[in-house]
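Each of the next two complexes has chain A plus one other chain: chain B in the first, chain C in the second.
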Partner chain A sequence: MTSYLRFFAGHVGRVVLALVFALPLVFMLVSSFKPDDQIFGDLGSLRAFLPVGALSLDNYTGVFERVPAARFLLNSVLISSITVVLGVIVNSLAAFALSRMRWPGRKLVLTAVIATLIVPFETFALPLVWWINQLPLLRVNGFHLEWTTGWMDTYQVQILPLVANAFSIFFFHQYFQSIPKEIDEAAIVDGAGWFTIYRRIVMPLSGPAVATVAILTFLPAWNSYLWPLMVVQSEELRPVMVGLSYFFQLNVSWGQIMAYSSMITVPILALFVAFQRSFVNSIASTGVKG
Partner chain B sequence: MVFRTRRLAVASVAALAATALVAGCATGSGGSSTSGAKGDTLTLWTHNAGNSAELDVVKKIIKDFNGSQSTYKVELQAFPQSDYNNSVVAAASARKLPCLLDVDGPNVPNWAWGGYLAPIDVSGSEVPLSAQLPSTVGRYQGKVYAFGFYDVSLAFFARKSVLKEYGIRIPTLDKPWTKAEFDSALAKLKKSGKFPYPLEMGTGSLGEWYPYAYSPQLQSFGGDLIDRDGYQTASGTLDGKDAVEWATWFRSLVAKGYLSKKSGADPNKDFLAGKSALQWDGSWNAAKNAAKLGDDLAIIPPVDFGHGPKIGGASWQWAMSSTCSNKAGAQAWLKFARQTKYFVDYAEATGTIPATDAAAQQVDGYQPGGKFSVFTRFAREYAVVRPVTPAYPYISTEFQKAVQDILAGADPEKALGQATKDIDTNLKTNRY
Partner chain C sequence: MTTLTAARERPRPVRRTRKTHARRREGLTALGMAAPAVVLLIVFVVVPLALTFALAFTDARLISPTPARFVGLDNFTRLFQDPVFFKSLRNTAYFAAVVVPLQGGLALVLALLVNAKVRGVNFFRTVYFLPVVTSMVVVSLLWTFLYRQDGLVNHVLSALTLGHVEGRDWLGDPATAMPAIILMSVWQGVGFHMIIWLAGLQTIPAELYEAADLDGATRWHRFRHVTWPGLRATRTFVLITITIQALGLFTQINVMTEGGPLDSTTTVVYQAMRTGYEQQQTAYAASISLVFFVLVLAVSLVQRFLTREKD
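Right, the complex of A and B next:
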């Protein structure tokens, strides 16, 4: 009986905890179908979380009338996806060199990489703007290519600065450490080079770490706001988070904000659900908590 | 092994070549000192992305300008207002400013001092600068850098029926509330038990709202954000006796339960829903309030706390960047835009105060005797522009922090003292 009660109490506790985390999302989704007056009217009761009243798709229609939401979504998917792919490749390669290969100074380099974690992005955002404005750029101009200078107002300026990531390198490093080094030695005896070991042995064994880094790279890329705001001027290149600030003007429409927020939250939730198992496994096995 | 060494050598050469390419090009056109135009095609930035009412007016002026002549073409890029300033600062650091841009009035001195803006010459345009409300012209060190099509005004909004019910006098322009009257009105409204917080002043809104909304009250007490005689110190004005008196009174509004420490997400909605009795708000909500409350709406002048009623002046204005590679084209657009019909369009679209009397004659409610014409008088008679110094953005931030602390319960004298100290240090460091 006691164990049954404990089991029941544990379940109740988990359900309550799940509700605490789920209710804001439910509120957002439900409110996205309600007119503004009703959103405020329902705030004092449980109706705020229920799909009741004058429900419609008006807020979603309003979103598409107010901002080029489809374009922003497409841009964010493109930017985040490429950042994730490049991030996994670049950071795992760096971590592989730091973790598996023996060369003088690697501990110092790892320490330096980890040390950069304490520097907030905002402190070097402006110098970075200056720097990216000095970089060469190959552009398509009509039917020919031309060299210009400066990456402002491009897709790549929203991708490349986010690729190399100290936390991802550290995370991969920790995970690679858990893979026995004897495997490398056996592979070398069989004639494999370092890149073959990386590609054929270490990476196939690091699925959970890849999934975790993918999620941890995707999130900041998707949520990126200050950086694109500083370096992108053309509306057609802007990501979703910059689009969100379009709604905070005079006469704020909270229904539209909820609708837009729902639209940009769904991809994140889908990604997390897809990689949830690997994410949890990987965090547990590396002992790294984000 | 030989193969690996060769691969390493090739990779090293490639890396060196890439580095050299980057370094070589870094001294190229990236260092160009002009921007904002490709030949006669000029770029224009505005803070109105997502705000279709005002954005449509900008688009209309651009379309009319592009159609009116064949030399220049202006192209629009709209940014969301919340971080528009960051975009401009970043572009300025990369020397990528557009030729034409809008700027919030209080920032004009800072952007002019920082070299972002160039002085403009709009003589010969349809509307002379002298016809505008003074607060709608952005000047710095005797030169004109910007002009606006409209201004906004602060006022108290209330329901006449509510004031009457509790025996509260409805103030007029000639006889605004005194501090004693205002305090008494708040006490009566609080005592009624009908309003959790009878006064709504948007304490939940951050950013420029704090200095815009609250520094006029500080000024009416006799204090100020900075000593305007030379703009070299805040000492004695921001931390003087009058300023501390204001801050103590401001804190007491929260302590007595008259004012929420942090207002809701939409204070105007709360006022219209009857949650608060008095709202200190901008003229931009007047039309909405009038539509909802009709003749019951009272537009009340600011309180005279001892040194006359005060409101903030200056709203968004148009300027030309100093790096503009086609200044003639930019000036042409600015001059073209200065037509009364556009002053009218702006005011109608945004519900703001037309910057000229000629435009006011054509805007519903703003004609002499119109229901919103009091705002024009507020702007003309009570407006105090925020300090005309490059230090203003810093002063604004420090004031925001101090007010937040005071609302949260900090000692008013200490909070203002700290802000004053920080502002003075900033002034000395930058030698403005």
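Right, the complex of A and C next:
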């Protein structure tokens, strides 16, 4: 009897908490289909969370009139997908060298990499802006290539700083250590090189780790706001989050803000729900050891 | 006997050179594989960090006709006489001191709730994680709307208490602005640490629980003597990651309050960004970053020391 009660209490707790986490997001999505005056009118009742009343896509058409939303979406898809691909390759290569191969200085490099975890990006963002203005850049000018300096207003300035990531390296490192090293020795006896072991043996065995690092690289790339605000001036290179600032100029429409927020959030939530099983299992299987 | 030893020893010199050769090749390959990540980290983290530290001792400005001069500790002298800096230190410490236990503890409760073997548990895990996947900028905007005087939070509170709680402007009042931001930040971030705790819970062998049951342990005893000790490594990880994340509080402040009202929500990183970017006092901002870096380093080292393995 008590165990039944306990089960019941646990379930009530789970449901109440689910409401706490889901309702603000439900409110955002539902409001995106309502006119501004109805959003405010519905706040006093449960209607705030329900798709009722004068529902329309007006806020969405308004969004496309107000900002070049399609261009922003395209930019963000481009930036985040390249960041994810490069991030998975670069960080797994480094983690492979750090966890499975023997070389002098390995421990030192691993410690230094993990040490970069404690520095929030904002603390060195400003000197980074100055610094990227000194970096050389190969630009296409008409029919020939020419060297210039300064990475302001480019795609790569939005991609490359996000690629190498201490957390991803650490995560791959932990995962690779759970794969028996005897496999490497056997492969070497068979004449395989280290790169072959990485590409043909270790990476194919690391699917869940790749999925996790892909998600954890994608999110900051898709969500980046401050950095593109500082280094991108041209509208045609801007990512989605920067688009949010357009809605606070002139007449503020909360319906449009909810519509734009839903547009840039809901696809990501859907992607996450589709992949969440491998994500959760992968973190669980590495058993993160601090 | 002698022939045997000789036979065993003869191939050795050959093998050794081959072995050192293989070692050297292994080392070179490893360096090549680690190089892209290491170079990117040097270019985009180490160099700008070193620049920050160097700039802190100059009078550099973002746009300036004269080149930067070395000014020694001037920026730090100014910093330690700046009341807003001390306010931002206090606010950052307050935020971290509340968020670390609150988010860590709530995440553990959530993990225990979704670690039960009941139907639909996967659904709850997913729902609790949704805010983590949502951008902090979007979350901050959404909650700015919810926290308004005529916003949803006030309506829900009034409905739950049958009108006993007075509506207030949560972000406009110096007394409630920071607590409101704390609640929202925990709401957004707790799902991630739930997953980390869950990972830890799943490494605890089921036999330990069976043994505890055989000994007639109560649920509390099971938690106290099996679960809690089994989560030692996870605890360190959760503690250090939430602390670093909390000390870096910036986006929420930038979007929701811009440090106000009356500097009640200004934080160290926000101060550094505002003086450096909006007011273009690059060197002064760099000195704030340097002090901040030293503080975070000190806190992490203390935490590492306190949670070290006591073998």
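Quick note on the criterion: the second predicted complex is superposed on the first by the 270 of 290 C-alpha atoms of A that agree within 3 Å, B and C clash if a C-alpha of one lies under 4 Å from a C-alpha of the other, contacts with A are read in each partner's own complex, and residues count from 1 in each chain.
By our rule, a residue touches a chain if its C-beta (ideal position, glycine included) is under 8 Å from a C-beta of that chain, and two chains touch if they have at least 3 such contacts.
Keep in mind that this is a model prediction, so the values were computed, not measured.
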Return fit or clash for chain B versus chain C, each positioned on chain A through the superposition. clash
Would you check which partner chain A:67 touches, where first means chain B only, second means chain C only, and both and neither mean what they say? first
Touching A:246 in the superposition: chain B (first), chain C (second), both, neither? first
Tell me the contact category for A:234 with respect to chain B and chain C: first, second, both or neither. first
Looking at chain A, does chain B or chain C touch a larger number of its residues? C
If you stack the two complexes on chain A, which partner ends up touching A:126: first (chain B), second (chain C), both, or neither? both
Looking at the overlay, what does A:44 touch: chain B (first), chain C (second), both, or neither? second
Using the touch definition from the top, say if A:254 reaches chain B (first), chain C (second), both or neither. both
Taking the superposition on A as described, I'd like to know which of chain B and chain C A:186 touches: first, second, both or neither. neither
Return first, second, both or neither, reflecting whether A:152 touches chain B, chain C, both chains, or no partner chain. first
Would you sort A:226 into first (chain B), second (chain C), both or neither based on which partner it touches? both
Following superposition on the C-alpha atoms of chain A, which segment of chain C from the set 4-12, 76-84 or 94-102 overlaps chain B? 76-84
Overlap of the chain B and chain C footprints on chain A, listed as residue numbers: 40, 125-126, 130, 135, 193, 225-226, 230, 254
Residue numbers of chain A touching chain C in their complex, please. 7, 10-11, 13-14, 17-18, 20-22, 24-25, 27-28, 40, 43-44, 48, 90-91, 93-94, 96-98, 101-104, 106, 109, 113, 116-120, 122-128, 130-131, 135, 160-161, 163-164, 166, 169, 193-195, 198, 219, 222-223, 225-226, 230, 241, 244, 254, 257, 261, 264-265, 268-269, 272-273, 276-277, 280, 283-290
Show me the residue ranges of chain B that touch chain A in the complex, using the header's touch definition. 4, 21-22, 24-26, 28-31, 43, 45, 48-53, 77-83, 86-87, 89-91, 93-96, 98, 265-266, 269, 273, 284, 288, 350
Going by the contact rule at the top, pick out the chain C residues touching chain A in the complex. 23, 26-27, 29-31, 33-34, 36-38, 40-41, 43-49, 51-52, 55, 62, 110, 113-114, 116, 118, 122-131, 133-138, 141-143, 145-146, 150-152, 155, 187, 191, 195-196, 198-200, 202-203, 233-237, 240, 244, 247-248, 250-251, 254, 269, 272-273, 276-277, 282, 285-286, 289, 292-293, 296-297, 300, 307
In the complex of these two chains, what residues of chain A are touching chain B? 36, 40, 66-67, 125-126, 129-130, 132-136, 147-150, 152, 193, 225-226, 229-231, 233-235, 242, 245-252, 254
